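The first chain written gets the first letter, and so on, giving A, B, C and D; residue counts start at 1 in each chain.
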Amino acid sequence: MVACIDACFDCAQSCTACADADLGEPDVETMIRCIALCHNCSDICISTGRVLSRQTEFVPQVARVALQACIEACRLCGDECERHAQHHEHCRICEEVCRICEQACDDALKALPT
Amino acid sequence: MVACIDACFDCAQSCTACADADLGEPDVETMIRCIALCHNCSDICISTGRVLSRQTEFVPQVARVALQACIEACRLCGDECERHAQHHEHCRICEEVCRICEQACDDALKALPT
Amino acid sequence: MVACIDACFDCAQSCTACADADLGEPDVETMIRCIALCHNCSDICISTGRVLSRQTEFVPQVARVALQACIEACRLCGDECERHAQHHEHCRICEEVCRICEQACDDALKALPT
Amino acid sequence: MVACIDACFDCAQSCTACADADLGEPDVETMIRCIALCHNCSDICISTGRVLSRQTEFVPQVARVALQACIEACRLCGDECERHAQHHEHCRICEEVCRICEQACDDALKALPT
């Protein structure tokens, strides 16, 4: 769970930075989907990381839907960044961080009490 | 969709305020679950409200999981606030706002392109 | 204070929507500064709105710096949106919402206990 | 700047966890100020970390006020956590992380272009 929380905050930061770096690219018109997915992924990672950080009254049902949302957001953002990874170093890094977060969320989801 | 975005931001504010007001109650030890659910709901409402606000490259798959998470967070938070609604005015209000947001998210979910 | 909290959440939503709408404009390269300022303003408005929503243990020193940050973020975002207000309806609206939030934060700042 | 961004996201996570752990303490009534300051610090750290992550159109005036708010929020949260550091391990850790973030923000503030 600690690994998953760290991964969520890392991914939030990486996605915010990638969305911003996209704005400075000469081919910004082709990066619009990447920007949108990065922003969405960053917001969902922050909320998921915070939900998982709250352990005193941990509510598995909330953790479950937050993790499911985060897995999907990371997957879609990672797929889009992968398309640009060869031209843009920030997309290559962001894809990597998204994949790590997706995997960490998937592991955390499987470890949730049913 | 606009109604749903407004409901998400309203609910985020209401949940932040309710979690804080709980801290000032003499029976704070009995409000711990309410505080946790309010914080979680507030964070998920913010991320959902922002995801839905991004319409230029709208990605229905992300909107779907965000809405599903928000519905569950609002439902659980509303249920918990309902238990305290008779003693605490802020819980009565927060329950109401959570129910509105849950319904708005449910409507938006049904209206998503498949 | 309630007016200021509402203004912060409204402005957060408006800035997120404006930054996104900028991405769909044919002159997106000229909107990069607007996008950056809108994102910054949205994030600062959320954190300020939440800080002000916490009244049980209200700490004026934190409220003061949060409000000062919000005033500056709204002022700069409003100024940039004003430059595009004639071409882009979302910038015209966003400027208006930023000015309201800036004023509400300024009023709240003056009303803080010293 | 990279160190400061990392410190902001670390501190946001630590403050969210500390505020939550406070809720599980038997002396929760004495931790109310700690909870409030931790939540405020977490929100301001997130917004500051994101503002600083946006380098393509970096606006020093926004960075300045965000950093000033973050320094004050970390200082007050660190001071409060210090008071509880001997009884609560999470407060000891959170104080440490707040001090690191305050220092990193102070360094970043001094390095801003005037």
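Definition applied: a residue touches a chain if its C-beta (ideal position, glycine included) is under 8 Å from a C-beta of that chain, and two chains touch if they have at least 3 such contacts.
From a predicted model like this one, the values you see are computed outputs, not experimental measurements.
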Interface sides of chain C and chain D: same vs different residues, half threshold: same
Whole-Å separation of chain centres (CA-atom averages), chain A against chain C: 25
Chain centre separation (chain C, chain D; CA means) in Å: 21
Touching two or more other chains - residue numbers and ranges from chain B: 20, 23-24, 32, 35-36, 39, 46, 50, 54, 56-57
Overall pattern in which the protein chains touch one another (line/ring/star/complete/other): complete
Contact footprint of chain C on chain B as seen in their complex: 5-6, 9-10, 12-13, 16-17, 20-21, 23-24, 42, 46, 49-50, 53-57
Of chain B, residues touching chain D in the complex: 20, 23-24, 28-29, 32, 35-36, 39
Contacting residues of chain B [partner chain A, same complex]: 32-33, 35-37, 39-40, 43-44, 46-47, 50-51, 54, 56-59, 61-62, 64-66, 68-69, 72-73, 76
